[in-house]
Each structure stands twice: as structure tokens, then as C-alpha cells.
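Each in C-alpha cells, the structures are laid out below.
In the two complexes below, chain A is the common chain; its partner is chain B in one and chain C in the other.
Take a look at the complex of A and B:
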């Protein structure tokens, strides 16, 4: 669901290391788009897959150039191109009711497949339909297949309905990998599968995962040196997309971690597009994806008020690492299965609520904010119950706002700003009341 | 039984959102249990084998006022989960000892977890089904999933469910499916005799009656309609598709018929027609159910189509075998599975020169005039088309 380029701070970057991490990510993303654009010229095959449950290490074993349609959609959203794409797809017969990521992708195809960086994106040679945590994925790739007749391979990842991963679920995924996914990828790419190569990539993944978790955990400090949502979407970029398992991603996370640890030592707040946030007033946990079409404006509503997001569920859609899961080179296929099964939107409702409550506690947050996304039933259906449950269990205030991912028609800045302002007021009052009770 | 009595009985069962039929069934013998399930498909054979009553919960229709349920859902989510929550919170589902939430979409999937939180004392389970159709992969996974349900229900009733009990249940449902297949074939042949507004009610009765009683009811209805002579109209023959989860109000079905369409096939209450072939009653019963799912179940949006050329095959088959002249896409508003599938099916129909029209509804849609008008125009255009 995410990889975006870090905003250039309008103030001078605080450290050289930060500059390094930012540049590294930017380079990686641009290079990837260029690789995609030139893949067919250079004789490379192209794969497309989704962020939740993406099998990047495996795809790398077959030398695919790797495209992630959700990322293309969000990049187009940030560049304000998605609105037209969505309308084009609607004119082409797609319902106004369905997920706008799908329509942004289909609309982009209708407009000639020009990618977010202006280079033409190639038609994928294989669609790896990792059906993880979202029903829409299945229809999305069926729609793409219908249009372009791409080879499609399904990886069905069962849902954690009972709140755990059973051996049956794990075996089912492993079997599909062995008997369906790998043979198809071999055939399409012409490259023979080498499990040691997979293990090697996974070793890289593990290092990157360690460092990412350290970065995410750094938000437990006061002040938090990062924003775990608006900043978080940058931090998860490489690992959730075409780079997990690649040495450059490992390097990115090493540099990023060093940078963040330096900020912790210096007791610095997070970097925002307008420089460092110096006065942390509110610590929030956020549930739900962000809006991309007005990302900066949305973020501004937080940092202007001194609000920092210390933990978010969205930064777990492409893998939940902060409770201990790591890719395991000694059990490569089993661990790919565990990874897919454990992605955030593949967790059941009680698990999601437990996770949020845990964040509120461990990150000493003031409350929960839900950004409910019109497009996304996977995230959104049931969030109002989530809100009540979390309030009931933690006693901390929760608030609800609504927007959409990449459809600019559903971002009402005034409404959201109002809502947020009254939410911050509410937190303040709660604090005052608690303070009064102590004294 | 007289036709009017049968239809009146079905209508009564359909309207009774207090599920008195379920309560009566339970009261007839101490210790009886009932298990609810939502669309689209659960292997009801396992529930029946446990001696329990499977009860289909298809939302509140246009008959209940949703007050509490609306507080659980944003405006851009379909109606069925909110009316189902309403049914639950108003105690109407207290007669159920458990609920099964099948794999159909993210809304019902999430509702399974919400139900776990809201009704803590009840058995709640999400029933996953395979999207891989190899016996040794998806088949085994699914057999295990069913085994889980079997063990859960065995625990509820306090003794294991035997293979023989499962085989007997399979036979009962084979019979039920055969009766419904006969009804559907008859309706396609003589839709003026068995209008969909009645067939639908007969089908819905199967959600609350024990299968044996329902099979009898279907056969009684068939016998009764065959004994009548109803006027034949010059209507257009259509397949209605997209209504596999949240149901349109009955008045909408009537409106379509009144507008000049005979519905000769549909995807209402698919659970009763999901398996298209009789399930073998010998051998391992769960393997038999699993194979039936993999190889003989209907095609519907919540299921993955392995190959591009398979898209729309089932719909085309419905059109051809039922002699339909057009297709009505009727989907619930905000229904991702139905609405994402629609353009793909429309493309297939266009390729085969099958005319279609499309609209959205909600289970509590009140305004029928636009739909009647659209269906009427569609019927007229089909007639013009075939006259040309």
C-alpha cells in the first residue's frame, strides 16, 4: 500500500545521515520505476503484486522487475493525477462505489500506462495475486487480466478468523507456493528457482526488519523522534514494496536507524515538511490508511497543533514486525506463509483491537484517531465498533474522521480540521481533569 | 396444500424476523440447537449432521427499522451488516446458538470478528473456503476447515459427529437441491406459472425450515402450480444477477415482473444451489463436500476464476440453458464483489451479444418507480430486438 518519497524539508536537514536515508530511498524508487520502464527492452520480465503479502524475496529469485499497482496509485494520488484516472475508469463502466485504488490503476491504463514518474509502465508478464487481507485484490487482478490477458497466479492466504494461524492455514499457503506460485514464476521468467538465493534475500530482509522495528519503537521516547504515520509511510516504503530482501533496502534501514537513534540521543522531535517539530503536545495512535491526494495538508493539520502519531496500524499492512515476526532463512517458504498470514488486514477484529490497545499503552498515547477510508472495506467495515471498544478498554478518547485514499472528491479539509481541533481540545480537557484528580 | 396457502406460509416465514419457526423447532425437543449463517455459502450438511438447524440470516430486508445497526457502519457500507447487527442487538437472533460467517467479502469477514466481540457467549466462526481448486491443495485445506466446524459443533452438542451422520445429511441436502433444481427448471420453462416473486419466497423458506420440510414444501408448491393455469404474458425472459448477498426487497422483484420481465434464472439464496451436482454419499463425507465445492459449485464473484476464459461462463450458461433474452445486473449499493465483477461480466455478454441493463438497490429501497421504468424499457427493447 505504500512507498512514497520523503518530503524535502524546507529547513536545512538536521543531519547528514537523514539526508542519506532520504536520498537512498529516492534513488531506489526512481531506479525501480526506470527499471520497470526499460524492463522489456533489457529482456527482463515484469511482475505485479500487492503490498500486503508481497513476496518480494521470491520475485527477486526470478529476476523480475517489480511493480506494485497500489504504490502506483498512491504516487499518482500524491501527484494529483489520480482524480482524472478514477473518473476515466468510472466513465469506462466502473462503479462509483468501489475501491479507488483499483479505479486509479485501471484509469492509468486507459490513459496509456504512463507511470507516476512520467515513464511508461510496461504490461506485467505475470500478476502475482497475493490474496492477503483484502477481497478486492482478487477482483482487481481479474480486471487487469481481463483487459490485458496477463498470466495470473493466485496465492490464497486464508484469513485469521479465529485469531490465530493454524497449521492447516500455513500448509495451504506453503503448498500453493511450492506447487503453483514457484512453478508459474519459473515458467514465466525462464529462471530456475534456487532456494539458497531465497535464503540469502531473507537474511537481508531480517536485518532490515530489525532496523525498521527499532525505528518504529523509537516513538516510545518522549519526544518521539519520528511520526509513526505520516513519517511512517516513508519508513515502510522500501520494505513493503519492491526492495525487501535487496541489500540497498538493508542499507537504507541501517542508515535510517542510525539517524533516528541520533535524534533520540539529541531529544529531537520528528521531521515534518516544515522542519522539526519542536513541541510535542499530543501523542496519537492512528488506525486506517492516510489520504494521499492531500497528504501534506492532512499532515500539516497535525504538526501545526503539535500532534505526533506515535504508532499506526497502516504501517503494518505490508507486514507486522513489531511483535517479533522475522523472515526466517532456515524455513523460507513457511516463513513467507507466516508473513502473509500475519499482515495487519489479515488479522481479525479482536486482534486488531488488541493491537491498538497495546499501542496506546506501550507508546503512552493520548488517544486513538481513526481515519476511515471510503474505498477500503477491509480496513473500514467495523471501525465504529473498534472506536467504542478501544475507548471502553483504555478510557482514552477516540475520534473518527473520513476521507479516501486517492479520490480527491472525498477529502473535506474543513471538516477534518474541525474534527481534529475538537479532538485535541478533548484530549486537553481529559488531561486537565486527570491532573485535577491527581492534585 | 393449496397454492395460496403455500405462498402465504412462505410469506409468513419470510416476514417473521423474530424467527418463530426456529424457536418452535427448538422448543419441540429439549436440547435442540440452531446455527445461523450468512450468505454466500456454508456446508449446511455439517450443521444438520449435528442435529442442529441451519438458519440463513439474510439481513432485515425492508421490514425493520435499523436504529442501532447504523451506529456501527459508515454511510458507504452496504445495508446487510447493519440490519444484521440490528437483528442481533434487538435480541431477534437469541434463538441462535452460533453464527457462521462465510468467506464472501471484507464486510462479512470483519463482521465475524465484530460478532465475537458483541455476542461473547455465542459460538462464532469464520468459514474460509479455498480459492485454489486442486484437490490436494485447496481441497485439503477446505476439508480441514470443515473438520474444524465439525469439531466445534460436536463440542457444542457434546458428542462427535459421525461419518454416517454426515452422509445422511448430504443425502438430505442432495434431495433438497434436486427439488430446487426441478423448481428452477420448471420456472424457466413456464415462468408465468411460477413467478419469481413466489419462487423466491419458496426459496427463502429454506433458510429457516429443516431441509426435509423445505424439500417437501418445494415439491408441494410445484405440484400446486402445475395444477393451475395462469395467464401467459408476452414478457422478456431475463437472468437476474448480482443479488447473491444483500437481498432486494420483494417489491423490487415484483416490480421487475410487473414491468414485463420473466426472471428465468437468478443468484438469490445461492446457498441452496451452490453445489450443482449431487454430492456422493459414499466414501469420506468431507472429501465429497470438498470436491463438490472445488469442481461443481456455481461461479460467483466471491470465487476466483482461475482462467480468464472462464469469466462469465456460468452466467452465459444460465442465459443459454434458460432461454433468456437478456440479463439484469442488480447489485446492492456499495457491494464490492458484485460491482467489481459487473464490468467483466458485461464485457462477456457484449461479446456474445446478450443485452443487459444494470441498477443498484438496497434491501430497504422504497422507490420502485425508477426500477420499474428501467426494467420496462429493457423488456421493450428486448422485444424490439427480437422482432427486428
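Take a look at the complex of A and C:
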């Protein structure tokens, strides 16, 4: 079985509990990149797939080494490597308006396919496109296929235009899994599909999902022990990528949950890069992905003002678990279908608005902040209308900022800081006015 | 007396407003932001405090009745004389710095003729200085750099030509000297300059001089009243650079919202177009910001865009509006991108369009962009207040009025001639609130 050994942490758990979960994750990610780099030498086939609607348990059933192109792009973004890659892709003919994840990926290929950790990334043997609302993903894989001439298989997931999943929709996805996806993966990998193996991975997934949800829900406490956006993107790392269903992910979430529960008991705030946040002043809900090229600077603009993100939609982008969905080992293919259909990118506007309003209420947040991504139409289209609707329904103030995923040229620190500070002061002023009205 | 001060550090200009305990505006000051925000903030504040003194002089003189009927003429003359004193002082400073900079200029054998040319240039500058501040004299700008610079260049060119000396020697010295002079503060000499100005004024207005003591007494009284800086609030693009604690800094969006509310209490929507920001703000009945939108990192369609256009056309910034008003039609302009502004302009000129018609199109394009930002913030509600440097531009205002009418119908549109001070006024009001309403403010609870 192609699972990864549980990495040994080098730090003493007693003193730096929090660091442990992060270190653990870093080791997992590095290990995965190493596995990818050596996959072909060790006779393994390589799959590439996207985060939303990823069928990780299924891919593990065929012993694939698993690459996730958006994760590669964002890792390159955080390591300040994406700017050059994007410019290379633009020189190669891609327009300035194209999704910058795509350009970072294509630029990486042009630069010799060296991955974020410095190890070479292998050419994929199969591209599994689980189509969950992002049209660009389809074009992206089309470009990759053109370049590498590799096998592609597409799972078409119908959009939740009416805001619900019908039995027909579920059957349609299951049918494709049975008739198209599984046979293709069998053929490419040479491994026979074993549904019991899938069930076993799903049992692991469920445990990890349970713990992840407990971690995300912990932000309902005051103070919140986590930041559900900047910290959240770390917490979702393993489960949204190559590890969901693997025992080390289960272990990671067990450790993480224990750490967070300890923080709740101790009434501690979230850990930021500059230490623990002690004075929680603002509680926010954030919609939209973060900027990766200036991740730390961006985060700092929040924590230095005492702002904590208690819930975010982005931390649901690889699976919405906090409203009850779990992978189901008793109905493995059906639950894979359900998982894909329920992805955040596959939800319609009213569902997204409901979700945000629910977060504002359940997490006792002060307001909504939207980080609108320049080059991501899937996320950004309609965001202003969502903002207005949420404002109207909740009466809570909302604000809008703009940046990009991995194009450093689109991050204007002064402009974003200006808007954020204005927003925080606006919340404060409104609170003061409400307080004055009460007295 | 207790004063509450707001300072708005913009990307182009720095503004300051001083208010008193009754929230009356005592004075306003403005200076160019330079690259030195600390100095700009201090100078703007000083200007506002000087302006406040004049406001108080006027009040005291009026009360004393010493200048029956001649009050406006007298105060106007005094203010011009004071500006002249200030200008003369800075000019002497510039001359000294230029003199020192000849040494480092590596002029070799030319050092002596350069010194002579400088002496002649400054002699003429000093000679013509009173004309610059004569009643009705038009100045392109009130900033020392602009006034002294334009005259130095003009006179320097003549002097160099006559002396058969290279003009760029003089340019070089000016460029190396002006920043030092510009960044010097003359706070200590304000009283001295005022008293000297008073002597000048009495020479010009002998009728007033006859009542010398009756006039001097209230002025002296005002000069002896300390203007106590009870609380200062900084805002604007450069606010993080102010040497203030966080408690003394407010977002410019909040300050503009509050400033507009103070100017026009029924304001619901505010549009501010400044040097590099366009902001659309919705405020409630108390002047509290409800929502806002602004341009992203790109400064397309902001004041700076007009600056580039002015440079491209070889015109002064304030000449663009009047030129656009002469248009007989509006040329369609597609891009409000500052980088492409020159290209678009030349493109239209090459197609044979008239300059004024292109200008009308450019102004409309800016306002169209502002309209889009306004729509994103929640649209325009009655009353609507337009602020910022661009609100001084009549062509921009015309385009705005037209587009508001087309899109929203009849609206009350407020534009204050001092709208450039809106952010600073909001800051001063925040400063006032912090002190006077202390306790009522819930800041401590957050």
C-alpha cells in the first residue's frame, strides 16, 4: 500500500504543541513532493487533480503518487517563485487576465518542471478532472494534456443551480465513476479496483473530517483559539490534498484537535507568526481565497489590529464538512458523488449567501470581508451582490478588498491596508454608536 | 485657547484644519507633500495655525471697532505682507544654500561667474518679490517651491544668457538647494514676520497707521494667546508615516465621511477624488461610514491622471478644466489608465480632434470610472457631497452633474470651495470628539 509513514517530529511536544502540528504538516508536504519526484524511478504512476472535488481516496486505491497543481502554484507563491513563472507564461502567449494559478503552473513547466521544494516534478500519467464549478480547470488540463500528451479523464459534476442535490445528479456522477473514471484509472495504473480498499480509506477520512470540523467550530469560542482563514489554510492542507484517507492525515487531525481543545481550555487566542494574539478586537467572516505571495504581510494587517477571522468560505473549498457531510464507507461511490456535488465552488449564490449569513450568526462575527481575486472568475463573479445581500440580511458591515492568488503584481499593500483599517475603524465606530444609543 | 487639529497627508498635498471648542473652523493650511511626510505635516499644521491667527485678528479687530469699514482691506493687506515676509525669509535662505552649493558643484574656472550670476538672479528676485504679493497678483501656486522656482528659472535664464554662462549650471544649483530649503520649518519666525508685516501694512495704509495703537493692541492680544494643540488626528495616504501614536490616526475614509457630514449634515453619499485614490463612501445621519468602495491598486482616473495629461499638454493642472469647458462636443475616451493617458491623447490629436473636445472626453471618462465605484458602494443617495482636489475642476464637476442626472435623477449636490480640506476637517472633528466627548466615546470598550 502506498501510504506514507507517519513522520517523526523533531520538536518536543510538551513545549511547542502548536508548532508540532504545523511541523508535522510541513513534513507531510515535503514527503509528498519527494514521493512525486521519485515516483517514476520507483515504478509508480502519477496522477494530477484539483483540490475542489478531489477523489483522493479513489486515487490511492490505484497507488498513484498524487500531484495537485493549484497547491503547487500556491506553494510557489508563498515561496516567492510565482512572479517569474507567471511572466514566463505570459511571454509564452498567455494573457494577463488568465488565472494566475494556471500561468504559475505553465511557467513552472517552462522553467524545467522544478517543484516548490526544489525537486523535479514528474510528468503526470493521468489528469483526473473532477469538474466542480471551475471552468478554467478544464482549460488548464487541456493545456497540460497538449503539452504532455497524457491520458485525461473527466468527471462531470452538475452545478447546484437550484441549490440542492437531486438523486439524478448523484446517480449521474456515480455512473461516470463506474463506467469511465474507475476503468481509466485501472488501465493507466495497472491496478485492479478494490472497493474494500476504498471503504478503508474512507473510514480514515471520516475520522479526520470529524476532527477538522471540531477545529473549525472551535472559533465559536471567545476568544477564538484559531484564525479560521490564515490558520485555516494550514488546517485544511492535508485533508484537501494528497492525504485525505491516509492514516497520517487522521493522526494529524487528532493531534491538531487536541492542541486546539487545549487552547480553548486555556482561553488562548490564535497563534500568529509573531506569537499568540492576546487581544481579540474584531471577529470577521472572510469570503474568497487569500493572497499567497504576500501571505504573511496580509495576515499581519489583521492580527496587528486584533482582527481574527472566525470563519471563512475558502477553508471549505476542498470540501464542506461543517454542515454535516462525511464520506461514508458504507456507500463509497455515492458519497464521493455527494462530496463533489457539495463543493463550495459548486454551490449557487443563495447557498453561498446562506452559508456566510449562518457563519456571521453562529460565530458572532462583526462583519463580512470579501477578498476578491482579480484572476479568479469562479470565485469573484457576483461577489458584490453577495456582499449587498449579506449586509441587508444581517445588518452587519461588510467590506471589499482586491488582490490575487499568486501574481505579486496585484498586491498593493498600502491600498489593502487602507481598506482594512477603514473597515476595522468602521466596525469600532458603529459599535461605539450602538453602545451610545443603548446608554 | 484649546485647538483641535486634523492633518490629512495626501499623496499630492498635505492639508490641515484647526477647530476650536465650539467646532468653528479657525484655520486651514495646505502644502505640497514632497517626499517628506513629517515636514509636510508640520508645515501644513503651521500654515493652518497662521491662518487661524488671521481669523482671530479679524475677529478681534472687528470687536474693537478700530477699523470701521476698512477691516477687509486691512486684513487682506496684512496677510499679503506676511506672505511676502515669509517669502523673503525663505528666499534669503535659498540664496545662502545656493551659495554654499557652488563649492560642491565642480564648476572649476566657472565658479566665479556662477557666483556672480547667482547674486544677480537673487537681486532681481528680491526686487520683484513685492509684485508677486501685490493686491490682485496671480500666482500659479502658493508653494514656495513653485513661486520661487518658476521665477528663478525665468530670471536665471536671462542672467545666464547675458553673462554667456551655461544656464544648466544655475539649474543644477537650484535643484540641489531647493529640497533643503523646502524641508526647513520656519515656525519660530512667525511672530517676527507678523510684526514686520504689520509695519509694512501701516506704510501702505497710512489711514490705518493713524490708529496704530488701537490696531496693534488687539493683534498683540491674539499673538499672546497661545493656540494650544489639545489633540491632533492624522489621516490620509501617508498617515502611517506620522510621528503619532495609533490613537491619533484615523482612516481617511472615516475622516472624509465625517468631514463631509460636518460640512453638509444631510450628506448620505460622498465621492472623493484625490491624487491617487477615488473613494465612494456611504454615511449615516451621524456621519458614520456604512460602506465604502475605492479604486484598486491602479490609480486610473484619479487626480494624478489629470496631472499626467497636464504635463503631456504642457499646461498647468488648473488650466485643464477651463479648456474642457470650451468643448463643443465630447470625444469618447476609452482608457482612464494613467500610463496610457498620453498615448490616448496623442491618438485623438492625430485623428484631428480638438484639444478642448478631447479634454471634455477625458473629464467624462474620469467621472464614469467614479460612477462605477459609486455604484459598487451602493449608488448615490441624496444628498451627495463631492470632495477632493478634483472637485475644484469645473469640467469634472460638470461631467459629474450630467452623469448623476442621467443615472439617478435630481439630486442635491454639495461642493464646498474648501472641499480639499474635508479629510482634515473630519480629522479635526475626531480630535474634538476624543477630548470633548471623552467618556461618551466607547473607544475604551473595544
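Here, the second predicted complex is superposed on the first by the 423 of 439 C-alpha atoms of A that agree within 3 Å, B and C clash if a C-alpha of one lies under 4 Å from a C-alpha of the other, contacts with A are read in each partner's own complex, and residues count from 1 in each chain.
Here is the rule we go by: a residue touches a chain if its C-beta (ideal position, glycine included) is under 8 Å from a C-beta of that chain, and two chains touch if they have at least 3 such contacts.
Since we're looking at a predicted model, the values are computed, not measured.
Colleague: Using the touch criterion from the header, give the chain among chain B and chain C with more contacted residues in chain A.
Modeller: B
Colleague: Check the residue A:176 against both partner chains and state whether it touches chain B (first), chain C (second), both, or neither.
Modeller: Only chain B is touched by A:176; chain C is not.
Colleague: Thinking of the overlay built on chain A, is A:414 touched by chain B (first), by chain C (second), by both, or by neither?
Modeller: Touch status of A:414: second partner only.
Colleague: Have a look at where A:98 lands relative to chain B and chain C in the superposition and call it first, second, both or neither.
Modeller: First partner only.
Colleague: Is A:397 in contact with chain B, with chain C, with both, or with neither (first, second, both, neither)?
Modeller: second
Colleague: Applying the document's definition of touch, where does A:135 land relative to chain B and chain C: first, second, both, or neither?
Modeller: Touch partner of A:135: chain B, not chain C.
Colleague: Quick check for you: in the superposed arrangement, does A:430 touch first (chain B), second (chain C), both or neither?
Modeller: A:430 contacts chain C only, not chain B.
Colleague: Touch check for A:377: first (chain B), second (chain C), both, or neither?
Modeller: First partner only, chain B.
Colleague: Check chain A for residues that touch chain B in one structure and chain C in the other, and list them.
Modeller: Touching chain B and chain C on chain A: residues 384, 402.
Colleague: Inside the complex, what are the residues of chain B that reach chain A?
Modeller: Residues in contact with chain A: 71-74, 76-77, 81, 101, 103, 105-107, 109-114, 116-118, 125-128, 130-132, 134, 136-138, 140-141, 144-145, 148, 301-302, 304-306, 308, 311, 331, 333-337, 339-344, 346-347, 360.
Colleague: Sort out for me which residues of chain A touch chain C in the complex.
Modeller: 281, 384, 388, 391, 397-400, 402, 410-412, 414-415, 417-419, 421-422, 425-426, 428-433, 435-436
Colleague: Of all residues in chain C, which touch chain A in the complex?
Modeller: Listed in rising order, the residues are 237, 240, 250-254, 277, 286, 288-294, 296-297, 376, 378, 440-443, 445-446.
Colleague: In the complex formed with chain B, which residues of chain A make contact?
Modeller: By the definition above, chain A touches chain B via 92-95, 97-99, 102, 129, 131, 134-136, 138-140, 142-143, 145-146, 149, 152, 154, 156, 158-159, 161-162, 166, 168-169, 171-172, 175-176, 179-180, 348-353, 372, 374, 377-378, 380-385, 389, 402.
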